Amino acid sequence: MTLDTREDIKLSNAQIAWRAAQDIEDDAYVNLGIGFPEMVARFQPPGRQAIFHTENGILNFGEAPPAGEEDWDLINAGKKAVTLKPGAAFFHHADSFAMVRGGHLDVAILGAYQVAQNGDLANWRVGSKGVPAVGGAMDLVHGAKQVFVITEHVTKDGKPKLVDTCTFPLTGVGCITRVYTSHAVIDIKGGRFVVREKLAAMTMDELQAMTGAPLHTDGPVAELTVPTL
Amino acid sequence: MTLDTREDIKLSNAQIAWRAAQDIEDDAYVNLGIGFPEMVARFQPPGRQAIFHTENGILNFGEAPPAGEEDWDLINAGKKAVTLKPGAAFFHHADSFAMVRGGHLDVAILGAYQVAQNGDLANWRVGSKGVPAVGGAMDLVHGAKQVFVITEHVTKDGKPKLVDTCTFPLTGVGCITRVYTSHAVIDIKGGRFVVREKLAAMTMDELQAMTGAPLHTDGPVAELTVPTL
Amino acid sequence: MDKTVGSTADAVSAIPDGATVMIGGFGGSGAPIELIHALIDQYQATGGPKNLTVINNNAGNGRIGIAAMIDAGMVRKMICSFPRSSDPRAFTDRYLAGEIELELVPQGTLAERIRAGGAGIPAFYTPTAYGTELAEGKVIAEFDGRHYVQERWLKADFAIVKAQLGDTYGNLTYNKAGRNFNPLMCMAAAVTIAQVSRIVPAGDIDPEHVITPGIFVNGVVEVAHPQQEEELIRAGVAYA
Amino acid sequence: MDKTVGSTADAVSAIPDGATVMIGGFGGSGAPIELIHALIDQYQATGGPKNLTVINNNAGNGRIGIAAMIDAGMVRKMICSFPRSSDPRAFTDRYLAGEIELELVPQGTLAERIRAGGAGIPAFYTPTAYGTELAEGKVIAEFDGRHYVQERWLKADFAIVKAQLGDTYGNLTYNKAGRNFNPLMCMAAAVTIAQVSRIVPAGDIDPEHVITPGIFVNGVVEVAHPQQEEELIRAGVAYA
């Protein structure tokens, strides 16, 4: 099934990341999945400071150093060179995943191939071919107090990513609490997609048409507004 | 049953500790139970250096400091003040018992109320009255490559401590490999007591009479000789 | 971010009746005496918190610290490995009178259960206590021909611990064997309060030397010259 | 006590055919490149060790390190969480050709299984992977209304790790995020060999700053100026 989509009005990845960043509270401990989610760190609202955790054993790392000044023992989970902020700490992998699994992170933000209305996430593998690689994704979906997904609302070929039931191999069961897409902000609550915000330029019917499971509301749907980035 | 015992020729506690110390190899990692077993540390043979572990998170601690120079954050599992040797390390309790349970200690030496011929140990409680307290004993009997007991051969009222089956509450099942007593050195092998050494002044029959389970031999029984201490 | 708390009284003020409280230390080493005494002060002033479940390796000594909590009547249950000390009267008397409950846990199992609570591991298997009365009623499983006891995680509502340096982000170092259960308890409690000998700005503790990362710590209160249980015991001090 | 070993060649010489070898590092960070290359040298000179099971977070990058071990044909099986890298050809080609086995383990579970191996915990429960294909065939249990997967410990015959300082007793410190799996692997192997940037006398590392206590380490070899995988990759180096 290919959907009628409103690709004409969609947010850029930077704008999706910006929107997600607005919901990270001051002093929150946050893990950003490798790739697109890392972009969220750029958009911390003024006056707020999150502490970023990386699976390979750093709390409170900062931006990449200038080219040529990398220390390749100071990298993040995406194997990119990073820097430290004051108040950082190093620890080994078992302690790092104790932080993850033990519920000590306030927020984890991940990418997705599919998110189901019951909160199931598929983000590690699209089929049975090739070399499978899971990394820390299956750990990260458990333990953080809130697990958010940031994603395009539909795939490049127009298929829904918010679905009734995931068809790709699962990363975790019932683990996602909120999805920030290119068109909307949607909570997962009681096994249903509940729309919190949508782009003003589209109707609920248009949003529903791009979504693979019924959308619900629970109070007013706010306007999803983001700056030009 | 009260036994005919040879209390007249028995080794002192210091001599039992001395004998056990002779079997600790150079560079061995050793945990000595609190109380009597701590005495073993005094008798390391010249030229050998064991590294002592204490449950509360120190490797390579040394003797007590002079009175008045105690640091009460630098204590052993018996809550006695100790000192550090070069090459010491501190760690928390989970890492400390990872060393114990994970099989990283070469030797643990414990006291006993009873040791059974199958290697069962009872050393934490003599009945159901009073306040029970177990500490690290049940952990120490698992994991060390060799778990030794040092003990009088019989109780103060002349009852056997080496027994067919423990009647006191167990500390661990099949965990003891060797017993150093006031009269003999006895291995536990294949569910049997096998005598390795005995005091020259007593016969095997006399030793058997003091023991609550059959004694076996497996090769010659050497003379248990210790210095005057 | 600033996790500094102004006083020991403020630091413990949120602990309610019926709470499960992990208290760091092994005997007096690493024991947060001042936080414990602040909790007793609160109880004397307000009647709470009471009916506490206290998790510690021991069960108090003399008439100070945890023993003084027991004396005051604040403790409903102790979870510990070794409820003996040079002067264990406070616990012993109440225990023998049936006025306090005891869950006795082997020391290594106690440490591992607390770590498991902090690490999101609901249960694990250990050889410790297999075949003993402390394994009675527990799930037993065989792995590779050997028997093991299933043990559950331990968590707490609050942990009160003693550290050496603490920065404003809650990163902690410890003093010698005063480390013991403290780093584990920081992980396993919903709210962790650390008393430290000195609070330093974030960045003053080398990230390589942090023992407890700040993510495990909610509040840090400075007690510049902390008391040592052993010295108080020897001086015959009673806190009441 | 002196755990110093004279050369990387000597350090790895006891690793036999068919051994399970834990190799520290996360990508190139904390990866013991020189020890890995010494092992390859030994294989090139003697035909062994081969049929190795290698445990690492990744499965090699480019034509150096673990990738070069795979290229050389020494590796029968990889146990890892993420067999991808900027240049994963060595593993990918052999895997797709059915010439190398893969046990894929979620990263946190991999870390915890290794720690469990070192800590004498034969099995534990984790929420990770519940309901996914990586939990297929595993024991599932419910605790407090939530489902968990039973995971077994991981042990090894040898661990080769990279540290920063090592003293003659085997006490180790690490460099920044180069810590990663290294301290865990030290615990979980029957024999652990550490390459360090500098060997110092016992007593030169503050006991408060020791990350891996020497009890977990069997041999320490100095590699004064260790190579970084990332720099070798960028320079297009192939080790063969």
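Labels for the chains are A, B, C and D, by order of writing; each one numbers its residues from 1.
In this section, a contact is a pair of C-beta atoms (placed from the backbone, for glycine too) under 8 Å apart; a residue touches a chain by one contact, two chains touch by 3 or more.
In this text the structure is predicted, and so the values were computed from the model without any measurement.
Asker: What's the fewest number of moves from subunit A to subunit C, given that each move must go to a chain touching the current one?
Answerer: Contact-graph shortest path, subunit A to subunit C, evaluates to 1.
Asker: Would you mind telling me which chain pair, A-D or B-D, is linked by more contacting C-beta pairs?
Answerer: When B-D is set beside A-D, the one with more contacts is A-D.
Asker: Compared with subunit A, which chain's mean CA position is the farthest off?
Answerer: Most remote chain from subunit A, centroid-wise, comes out as B.
Asker: With centres defined as the mean C-alpha position, give me the subunit B-subunit D separation in Å.
Answerer: Centres of subunit B and subunit D (C-alpha means) sit 37 Å apart.
Asker: Averaging only over C-alpha atoms, locate the centres of subunit B and subunit C and give their separation in whole Å.
Answerer: 30
Asker: Out of subunit C, which residues touch more than one other chain, so two or more?
Answerer: As it turns out, subunit C has residues touching two or more other chains at 112, 115, 119-121, 126-127, 174, 176, 207-208.
Asker: Please set out, as single numbers or ranges, the residues of subunit B touching at least two other chains.
Answerer: Residues 58, 90-91, 94, 97, 100-101, 142-143 of subunit B touch two or more partner chains.
Asker: Based on which chains touch which, is the overall arrangement a line, ring, star, complete graph, or other?
Answerer: Topology of the interface graph: other, matching no listed pattern.
Asker: Mind giving me all the chain pairs that touch?
Answerer: A-C, A-D, B-C, B-D, C-D
Asker: State the interface residues of subunit C toward subunit A in the complex, per the touch definition above.
Answerer: Within the complex, subunit C contacts subunit A at residues 1, 115, 117-121, 167-169, 171, 187, 201-203, 207-208, 210, 213-216.
Asker: Contact residues on subunit A for subunit D in the complex?
Answerer: 54-58, 70-75, 79, 90-94, 96-97, 100-101, 120, 130-139, 142-143, 169-173
Asker: Would you pull the subunit D residues touching subunit C in the complex into a rising list?
Answerer: Per the touch definition, subunit D meets subunit C at residues 112, 116, 119-127, 141, 143-144, 146, 148, 152, 173-174, 176, 207-209.
Asker: Any idea which subunit A residues touch subunit C in the complex?
Answerer: Going by the criterion above, the answer is residues 26-27, 29, 49, 51, 53, 58-60, 84, 86-91, 94-95, 97-105, 142-143.
Asker: Flag every residue of subunit D that touches subunit A in the complex, lowest number first.
Answerer: Interface residues on the subunit D side: 26-30, 57, 81-86, 88, 91-92, 95-96, 102, 104-112, 114-115, 126-134, 174-184, 211, 228-231.
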